[in-house]
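Submitted below is the structure of interest, expressed as C-alpha cells.
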Amino acid sequence: MKMSLKLVQAAVIGALSCAAVTGAQAAPEKVSVYQAFQSIQYLPLYVAIDKGLFAKNGLDVTKVTAGSGAAGVAAVIGGHADFSLQDPMTAILANQKGASLTNVAGVVAGVPVWILVPKDSTLKTPADLAGKSVATGLNPTTSTYLLQRLIKQENIKDVNLNMVQLGTELAPVTAGRSVAAVLYEPQVDQGIAQGFKILYGFPKAYPGGYAFSTIDTLTSTVKTKPEMVAAFVKGIAEAEALIQQSPDIAKAVAEAEFPSLDKQVVDNAVQRLIDQKIYAVTPEISEAAFKNALQLQEDVGNIKSGSVTYAASVDDSFAKAASK
Amino acid sequence: MDASGKTTAARAAAHHARLTVSNLSHGFEADDGTHTKIFDGLNFHIGAGEIMSIVGRSGAGKSTLFNLISGLLAPQGGRIGVGARSDGSEGRIAYMLQKDLLLPWRSILQNALLGIELHRKVTPADVTRAKEMLGRYGLGAVIDAFPHALSGGMRQRVALTRTLLVEPTLVLLDEPFSALDYETRLTLEDDVMTLRETTGTSVVLVTHDIEEAIAMSDRVILLGGRPAIIEDEINIELTTHGPRTAVSAREAPEFRTYHARIWGGLRSNNIQHAGATV
Amino acid sequence: MSDAATLAAGVRRRRAKQKRMQGLGTTGVVVLIMVLLIGFWQIAAARGWINGQLLGSPSGIYKAFEIGITQGTLVSDTLATLYETVLGLIIGSGLGLTIGLLLWFVPRVSGVAEGLSVILNSIPKIALGPLIVIWFGSDMTSKVWLAGISTFAVAMISSCAAAREVDRDLLNLFLSFKAKRTMIFWKLIVPGALPWIFSTLRVNIGFALIGAVVGEYIASQNGMGHAVFVAGSLFDLNTVWLGVIVLTLMATVLTAIVQFAESKIITWKTKR
C-alpha cells in the first residue's frame, strides 16, 4: 500500500512537472503589430504570420491596420502595440518630439514607386511632365516626396501635383485630368494590366538600398523584452528568406491577403518587387540605406540636417543575430 | 318697441338682404363612415345695417356656419348668397377671429392695408383712409410700430380696421373680443355698434357670450339640435338711458328678460338632444 | 405712444440692462476658467508632468502661430478653408432653401422631394468624400461641393417644413381676401419662413465647415484641414491645436455674422 501511494505521488509530481515544462513552451507570447496599411509591399510580415514562422518562434502575432504611419507609431507610443510597420522616418519624427522608438528590422529595402502614363501617352521622360498635372498620393507619403525632389533636382517647371487619396492615383489619369500617376504596388501592375507604361522607375536610383519601411518598437521594450524582440525579428528574417527561395509561396500568401485583386496582377506585383530587390533579403538595416531615407526627409524640410543619427535610431543587433 | 310696431328684423327684411342663407345642408363623415348632418335646410337672412348674433352650445355648429358663410367651406347643399350693394356692385364679406391674425413682420399701417393689397393695388387714397380710420381708433401714434409692441386690444382694433378697409357689406365676427379684458371689450363692442350708423355695414356675430350678444345685436338666433336649426329667434329692443352703448344696453330693463330666455333656451337644448356633443 | 406702450418699453430697457450685466459676469467667469486651464497646461508641460512636445503646450502653439504668420501659411490656409466653407454654405443653403420654399407651390412633389432629401442627408459625407474628389479633382471645387451637399439637404428639409407650418388661419385669411398663390408665397410664406431660414443657416455653418475640412483631409494642397492632417502625421501637435483653434474661431465668427444679420432682418420678435 505505502509503496503504491509513493508511486502515485511520484507519478503525479512527474506529470505536473512535465505539464509545467510543456506549458511554458506551449503558451505562445501574445504580440501585436500595427501596420500603416494593408500593403503588398509588407508581404514579409504576412508570410511570417500566415506560414506560422512567428508561431514557430513562440509568438502569437496579431496584425492591426492603423490607417496611417503616424497612427501606428502613436499606438506603439501609447502602449497599444508592441511593434509598428511603416516608414522609419515616422518613428524618427516622433523621436524628435520626445518619443523613444528604435527601428529593429527592415521589411521594404528598396523604393517601390513608379511613374506611369497611359498607353497612348507621348511623354517619354520626367522632363516631359513640365506644365502638366501629375496624380500622386496625399502628403505625407514617400512617393510624393520623391516626386517633389525629382522635380526640384531635374528642374522640371510648372508641374501641378494633383494630390489624391493613396491608391486612387490612377483615377484622375483615366478621367483625363492628369497625364501621369505616381504609384506603389499593386496599382503599378494594375495600371500595366490596363495598358499603362512606365515613364520612370525610382528603384534603380538607389543601388545601395533604401530603408523604406521598417519594424520599430519602444526602446524600453528592447531593454525589457529582448527575447520577444529577437523572436519577432527572427520570424521576419525567416519570412524574407522564404520569399526569396520560394516566390510561389510568396505569391500564394499575397493572393490570400488580397482576395479582391486579380490574381495575375498580384503575382506580377510580387515578382516585380522581388526582381527589383524591394523586399528586404535580410532584416538588417544598413547605414547607407538609412541615410538615403533620411536624406529625403532633410531635402523636403521635415527633419533638420544633422539632428538624426543612425546609431540612435536603429538597433541592428537582432537583425544580425537572426540572419546567422 | 318703437312706434311703427314693426320689429327691426322685419324692417330689415323689407330692405334688400345683405346675406341670404337658403336651404343650407352640410354634414361630415365620422371615422366610422357614418354621415352626420349638421344643417339640413337652414334658412335665414341678414338685412342692411343689421347686427345679428348667433349663439348656441359648443358643438352646435356655430363654427361650421361661420366657415360656410365666410366661404372657407363650400356647402354640400343649398346656397349662401351675398347681397349686392346699393349701387349694384358685388357685396363682400370680411371676417375677424379671436386671433388678430396680424402679420408680425408688417407695421400696423401695412397690416391694416393688407386686405386691400391682396386683391388690388393700394392707392394713396387707400393710405389716407387707413390712417384716418386708425386715428379714429386711437392708433394714430403707432402706425409704424410692429404688432408685438401693441396690447391685445389695440391689435384687435387694427384687425378691425383691416376688416373694414376693404369696405365689406357684411362683417363676420367669431368671438373677436373674448381674449380681451372687460373694459377693452366694451370699447370694441361700441366700435362695432357704431358701424350701423357710420357705414351701414351689417354684422354677424358668432359668440358664446350671451350678454355681448344681447348688448350689441338687433337680433339673436339660437342654434341648437342635431341637425342644427334655429330654435329661437329674438328681436332685441332695449330702452336705454341715452344712446345705446355697450354699458347702457346692459343696464336696460329688458336685458335680464332676454338673458333668461336665451339662457333657458340653451340649457334646455342639452336635455332634449343628447346626441349633441358638449 | 400710449402710456401702456411707454411703460412696456421702459421695462424692456431695464431688463436688457440687467441681462447685459449678467452676461458680463458670466463671460468673465468663463474667461477666468479658460485662463486658469491654459496656465495649468503650460505649467504641466514646462515641468514635464506631461510631454509638452508630443502633446502640445500653449507656448508651443504660440510658436507654431508665429511660424504660420511669418511664413504666410496660416493666413492663406485659413482663407482657403474659409472660402470653401462660405461658398459651399451659400450655394448649398441658398439652393436648398429656395427649392424647398418653391416646392410649396406643388405639394405632391414636395413630399417626394423631402423624402429624397432625408435620404441624401443620411449619407455620411465622409463616405461621399472620396467619390467627390475623384469626380471634381483635389482643388477647391471638390471641397465646395462637399460643403454644399452637406448643407443642401438640411436647408431643403427645413424650408419645406417652414412652408408647411404656415398658420392655417393666416392662410385662410389670405384666401378670403382672394389672394393669388404668388401673393400668398411672397407675402406670407417667405416672410414667415425667415426665422427658420436663419436657424438653418446657423446650423449649416457647422456642416459646411465639416464638409470642407473632410474634403481637405481626403485630398488637397492647402487649407486649414489639410494643415491639421499633415501636422498630425508629422507629430507636430502644436500645429494641430493651432488649426483646431483657428477652425473653431472661424465657426464662431461665421455664426456671429449670421446672428447679426438675423437681428437686423427679423426685427419683429421680442425677447421677453
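Letters A, B and C mark the chains in the order given here, with residues in each chain numbered from 1 onward.
By definition in this document, a residue touches a chain if its C-beta (ideal position, glycine included) is under 8 Å from a C-beta of that chain, and two chains touch if they have at least 3 such contacts.
Since this is a predicted model, take the numbers as computed values, not measurements.
S.K.: Quick one: do these chains touch in a line, a ring, a star, all-to-all (complete), or other?
M.R.: Here the contact pattern is a line, an open path with two ends.
S.K.: Identify the chain whose mean C-alpha position lies nearest to the mean of all protein C-alpha atoms shown.
M.R.: Given all protein C-alpha atoms shown, the central chain works out to be C.
S.K.: By CA centroid distance, what chain is farthest from subunit C?
M.R.: Following the centroid criterion, the farthest chain would be B.
S.K.: Find the geometric centre of each of subunit A and subunit B from their Cα atoms only, then give the gap between the two centres in Å, rounded to an integer.
M.R.: Roughly 88 Å, centre to centre.
S.K.: Based only on mean CA positions, could you tell me how far subunit B sits from subunit C in angstrom?
M.R.: From the centre of subunit B to the centre of subunit C is 49 Å.
S.K.: At what distance in angstrom does the C-alpha mean of subunit C lie from that of subunit A?
M.R.: Roughly 42 Å separates the two chain centres.
S.K.: Please give the residue numbers of subunit A that touch subunit C in the complex, ascending.
M.R.: Against subunit C, the touching part of subunit A is residues 68-70, 73, 77, 90, 93-94, 96-99, 138-140, 161-165, 168, 171-172, 175, 177, 302.
S.K.: Please output the residues of subunit C touching subunit A within their complex, sorted ascending.
M.R.: 51-54, 130, 133-134, 137-138, 218-221, 229-230, 232-237
S.K.: Write out the stretch or stretches of subunit B touching subunit C in their complex.
M.R.: Contact set of subunit B toward subunit C: 70-72, 93-95, 97, 99, 101, 103-105, 114-115, 117-119, 138, 141-142, 145-151, 154, 166.
S.K.: Can you name the residues of subunit C that touch subunit B in the complex?
M.R.: 1-2, 4-5, 8-9, 167, 169-170, 172-179, 183, 187-188, 191-192, 194, 266-270
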